[in-house]
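Several structures are given next for inspection.
Common to both upcoming complexes is chain A, partnered first by chain B, then by chain C.
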Partner chain A sequence: MTASLNTPVQEPVKAVSRVELAFTRLKKIPSAYIAFWVVCLICLLAILSALGVPLSPYSFDQATDDLLVAPSLNHIMGTDELGRDLFARVIYGSRLSIAIGFVTAGVAFILGTTYGAISGYCGGKVDTLLMRGVDIAYSLPDLLVMILVGVLVGKGTFGILFALGLVSWMGTARLVRAQLLQLKEEEFIEAARAAGQDGFSIVMKHLLPNAMGPIIVALTFTVPSAILSESTLSFIGLGLSAPECSWGTLASDGWRSLRSYPHLLGFPSLFIFLTVLSFNCLGDGLRDVLDPRTRLFKG
Partner chain B sequence: MLQAITRPSSTLKHSKSSRIQPANLAEVNTRSVRNFSITSRFSEIVVSKLALAAAFGAVLLASLSGCGNTGASYEPDTFRINLQAEPPSLDWQTSTDSTSFDVVSNIMTGLTMYNNDMKCEPGCAESWEILDGGKHYLFHLRKNALWTDGKPVTAHDFEYAWKRLLDPATAASYAFFLYDIENAFEFNSGKVKDPNLIGVKALDDWTFSVKLKRPAAYFLYLTAFCSTCPLRKDIVDKFGDRWTEPQNIVTNGPFSVTLWKHEYKIELTSNPKFFEGEPRLKKIKMFMIPEQATAFGLFENNQLDYVDNRSFPTADVESLRNSPMYRNLPLLRCSYLGFNVKKKPFDDKRVRKAISMAVDRTLFPKILRRGEAPAFTWIPPALEGYSENSKSEFNPEAARKLLAEAGYPNGKGFPSTKILYPQREDAKLVVESVQEQIKKNLNVKLQLEVNEWKVYLDILHRDPPQMFRQTWGADYPDPETFMNVFTTHNGNNYTQWSNAHYDDLIDRAAAEQDQKKRAAMYAEGDQMLCQDEVPIVPLYWATQNTMVKPWVKGIGFNAMDLQFFRKVYIEKP
Partner chain C sequence: MLALLIKRMLTAIPVLLVVATLTFFLMRLVPGGPFDADKNLPPAIVANLNAKYQLDKPVAQQYVTYLSRVVRGDLGISYKYLNRTVRDILGEAMPVSLQLGFTALVLAILIGVPLGTIAAVNRGSWIDVTAMFLSTAGISVPGFVIGAFLIFIFGVWLKVLPVALWETPWHMVLPSLTLAFSPAAYLARLTRASVLEVLEKDWVRTARSKGLSRWATVIKHTLRNALVPVVTVLGPLTAILITGSFVVEYLYAIPGMGRFFVTAVTNRDYDLIMGTTLVFAALLIVTNAIVDVAYQILDPRMKVEG
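Our next item is the complex of A and B:
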């Protein structure tokens, strides 16, 4: 076949992967595209800081000569009551906030997908039973569960992750189950079954890959809500123990001196705000991009 | 479909949590200090957190609605303050903390009372005789001192109260207060079973006789303190554990408790039967607002008349210093780090000393910025017994050496160690600073553990951790009040440190009549605490920062931070 006159030669021939396609589509939604890069930047900050790369020119060691300095050229975000550079602390805090977001999303993914897949694929009584389980878990107030878990498991990073993981998987489970219920009636599943594939490989090879779009979108929304939950927990004093810090604990500490030193609350809050906003914009964009039914894109 | 998963964070909003009634949860929780469990700890955290959230909401509302509110909005004859926390107990015999004492000081009167100069003046006793070279006190009670139910305060009430305070079954930390009395310690420690052998006796309804085992220079001060106030046997017998609830409690002070909404507020009402006459103030409202910034917002909005450190955001001191309402006053109160000397690695005094020498006390005043003074000794400079020679020194070099000698060269192999501290802003800043200094100077990483005030106290009582941050405020203006804390049988000695020589020294000093010799003995004891044995690391001398609305008159301040409001009145500005 010859190339038509008004099309460049190389384009239609090249096979475009799903990821690439999604990315090209994402470029067409400006808010989501900007959000994508902001998310990347923040994640990069978090990873670099976790690897110990000194991103801030100032250490967050306590310096008693520079207590509560207002934002200036020396300390672009100022310093706190113990003379720690706030910029360094915010960067340092990013890794915990971001890690908490992603680990929670990971837990939600693994737990929720397994649970939802079993429920959706098996159907019938198993489905009813498992879904009532989800209903029960859903009806417990998150904050109460997290406080209780925090007390039982203990405060600190592990306690927080455990608590957040525990309250974040139900949505994913419901979503996966619904997707599978719908997909398993499709003809290609019939075909797989006729070809003699067992249940496990049908779920893993055919059902889940086809349900991936909505799952990814859902997880994108889990990350910011976990970051916010962690901030809330830290804010009411159930979070990390000092001197570990996350954006939540920084905001919580800063709130007390809001009257005289607003920068202590302002900067951590700004980062929480930016991250949550970006993840939400990205999630919105991804939903449109990954859903084959959206007709936003021609080409 | 997707919406389901985007919403979980909405259940976390503060507004939602504040809808749960903190008071109801608190009811369940009132007596949880003794039977500490996971559930009680859980409900404590929930309750106070929700109260915090509720208070936060209240302040937001207040700040939104109250901006244009410039007129003075005092409540006539009502004095509103912030207690910050729920008093663990109003039982003046088992209380050990200043929150409880702030309430008790205003509802009870002992044999004597402090005046504004912290001198003892007649209380329930209208006069007293000191006989037998200071070993025998004879108190003559006034006949017009009445309990709130109309019965007179008699010497028998004192005899019962003091014997109950010493009863091992009461398990009062403040039992040591009466150890100067004949057979008191023996009875309290179970060596003497017969309470009649204790040297206190009501000779008749109006004469109370106290026999000491040896003279004690400070004894009169003890009779002005909450712990030695009288107590009604019939009331305690009738209501058991619940005798401190407002509907049951019977008191004899200038005010009486008329309302106690747990975790919210206590209301005191003036007592018309008070022997000095009914106070001009008709009501004292004591709120329990844990967050300093929240409480201060309420003060600015004229919803509190008086704030002190508990309601004073550290960060704002500088901007408030110029206000005519502001006052700063040094206190006889020391903040210190205690070691549990029974637990590793602090069973080795070289380790304790190394930690002490690695902490630079001069940093704390800079961090806290409320006019604090660094504490190098346990006896404050204002009291006799203070000596430059007792000072602990800051010397990281020597500290590292000591640590190496103890088997932890450069911090290697140092066991995991936790510092316990109460959930208070200044405590957090201080322990974080200590943590960093120890890391920097000794290469030892300490963990921090924070707890609610009640839970924190409970842990200290039951099983003190390796290190803790505690404060001690003077109960009377005498070095004895500081030195006694670390004697073996003092209920407030959480360090478990026990030294026969020290005990003996403090005991002899109490009886010593020669002021110079007495001071030298205390100085020697202080040196043991700060240089030789180091069960504690004194950190800084606290100050009290207060702001008082202009319509509040007659308020007194004292270095012991005991708050008496019987002379306070509200006057239209």
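Our next item is the complex of A and C:
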């Protein structure tokens, strides 16, 4: 007792927000930290390109006299059969590919969270019914559903977004439901209910904020899988096609001349790979950092 | 065990019905019919064709007719491949796809499980880091990039392997490898996590303290338990393989179900789309039923709710 009186008054510990804390932890995982900055860089490229900032000496649809040249100092990624600079096109394509990834994640977040929250909070028969529906849809291969639905809505950007959104929310719904089923048994929920809060505000104020970690992790994996799905669909000719320009359509165009001009497939593929890899590494890191079910550090 | 299997098969019927219904109405909602793309047919001929295939009837009536035909085992005829029934086409395409899928599955297990195990046993070492980087990279590469890469190296550059069609065993090498790539990476990640968990169990420590060597412990006491979750992903794995088959069969021009599905969708070949989708769904249901049964055999503590 007396000893504590003599010790100098401790500085109050600075409050660290959850985001700051997560970021500090993320820094300790090198692969995730590098991936974080690569993701930022690629998103920045996409945003700048969408704002019309000229990032390359040529514009994406400018035909030059150099047809199908291999990568050189003049055209660092070469040109296509109309003499268009591939670097300019890949940068231009990034905005569609990245946008598709993020919009899909947004749709998955809104639809999946709502559906999962209703199912998890209500429980009982509602839960059984809602989840059986998800089980059936979930058991079909995504691409099968996307092809069928994508054809229905049309081949444009909206069609592919609709198809991607339709298959991507189910994982989030399952996750949110599982989290809520677990969380709603906690004592602080009982306390909130005793204090007279209604179901909606309990879900919004107490249940969802506590489930945010795993949700963010799941959404981080939704972005790359949407980018992969878009490029795959476009590649087999059932997704976007010219005049739309995404990494998928560029790769699809490049496939036809693989034998003679491998750079046309190579560079768009490289960008798809780097982006998806970065998102996956970031997701792995975030899972270690945010998901309470995995142990943070060894020991 | 048998009761569970029968129960699973019975629940398959409503699922297949839901799938059939959804697909049927989705397809009819799609603008455009099977004869639109044909070289500017006169309207009278299109009308005749529609009448011949009963496409002029109300959709609800077509639906009932279709279901009653399917129940009797008649999957209809293709509108694009002249004089061929959907059954004929699927009868030829299915063995090809199953062969491709099964080879890829075996390859994926042979690559993925050892890779994951080695990574887990050497946790934190450079072997682990490399193996995990490879498998994260593996799930990040689109299938068509792997395929194009393999075609370029072995077909165009080295000219040692055929890059299209499905004839000799040599034709199977590149497609199977392409299809196996992403499931192998997926399995490696899963096996690593699962083995890591089991390695911390008490019985593993006991086995080690008895004086068993490290690898004997891993093979005899760890892997058997660690492989239970790996077996359960066989369902999702089949889904991955089906998805992959769309791309791989397109890339290598293989006459399998994936390619017929993709072309059927483009052609609005209604009955062929329906037939392929139903076969895919049935394939998944059967795999999942087998997994449930295998799960109980492997781990008698698990009581799967039917």
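Heads up, the rule we're going with is that the second predicted complex is superposed on the first by the 276 of 299 C-alpha atoms of A that agree within 3 Å, B and C clash if a C-alpha of one lies under 4 Å from a C-alpha of the other, contacts with A are read in each partner's own complex, and residues count from 1 in each chain.
We take it that a contact is a pair of C-beta atoms (placed from the backbone, for glycine too) under 8 Å apart; a residue touches a chain by one contact, two chains touch by 3 or more.
Quick caveat, the model's predicted, so the values are computed rather than measured.
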**Message:** Tell me the contact category for A:I147 with respect to chain B and chain C: first, second, both or neither.
**Reply:** both
**Asked** For A:L82, is the partner it touches chain B (first), chain C (second), both, or none of the two (neither)?
**Response** first
**Item:** First, second, both or neither for A:A163, with chain B first and chain C second
**Value:** neither
**Request:** Could you tell me if A:L277 is touching chain B, chain C, both of them or neither one (first, second, both, neither)?
**Result:** second
**Message:** Quick check for you: in the superposed arrangement, does A:L228 touch first (chain B), second (chain C), both or neither?
**Reply:** both
**Request:** Report for A:P262: first if it touches chain B alone, second if chain C alone, otherwise both or neither.
**Result:** second
**Request:** Have a look at where A:D61 lands relative to chain B and chain C in the superposition and call it first, second, both or neither.
**Result:** first
**Prompt:** So which one touches more of the residues on chain A, chain B or chain C?
**Reply:** B
**Request:** Scan A:L175 for contacts with chain B and chain C and give back first, second, both or neither.
**Result:** first
**Message:** Taking the superposition on A as described, I'd like to know which of chain B and chain C A:R287 touches: first, second, both or neither.
**Reply:** first
**Item:** Residues of chain A that lie at the interface with chain B and also at the interface with chain C
**Value:** 141-144, 147-148, 151-152, 224, 228, 232, 236-238, 255, 258-259, 280
**Fill in**
Per the touch rule above, chain A residues touching chain B in the complex are 61-62, 64, 67-68, 81-82, 141-144, 147-148, 151-152, 155, 167-168, 171-172, 174-175, 178, 214, 217-218, 221-222, 224-225, 228-229, 232, 236-238, 241-243, 255-261, 264, 280, 283, 287
**Complete:** As the complex stands, chain A meets chain C at residues 31, 136, 139-144, 147-149, 151-152, 224, 228, 231-232, 235-238, 251, 255, 258-259, 262, 265, 269, 272-273, 276-277, 280-281, 284, 298
**chain B to chain A touching residues, read off their complex** = 1-2, 4-9, 11-12, 14, 16-17, 38, 41-42, 45-46, 49, 52-53, 291-293, 296, 313-316, 318-319, 363, 366-367, 369, 423, 425, 428-429, 431-433, 435-436, 440, 447-450
**Request:** Using the touch rule from the top, collect the residues of chain C that touch chain A in their complex.
**Result:** 15, 18-19, 23, 26-27, 29-30, 124, 133, 136-137, 139-145, 148, 151-152, 156, 235, 239-240, 242-243, 246-247, 250, 261-262, 265-266, 273, 277, 280-281, 284-285, 288
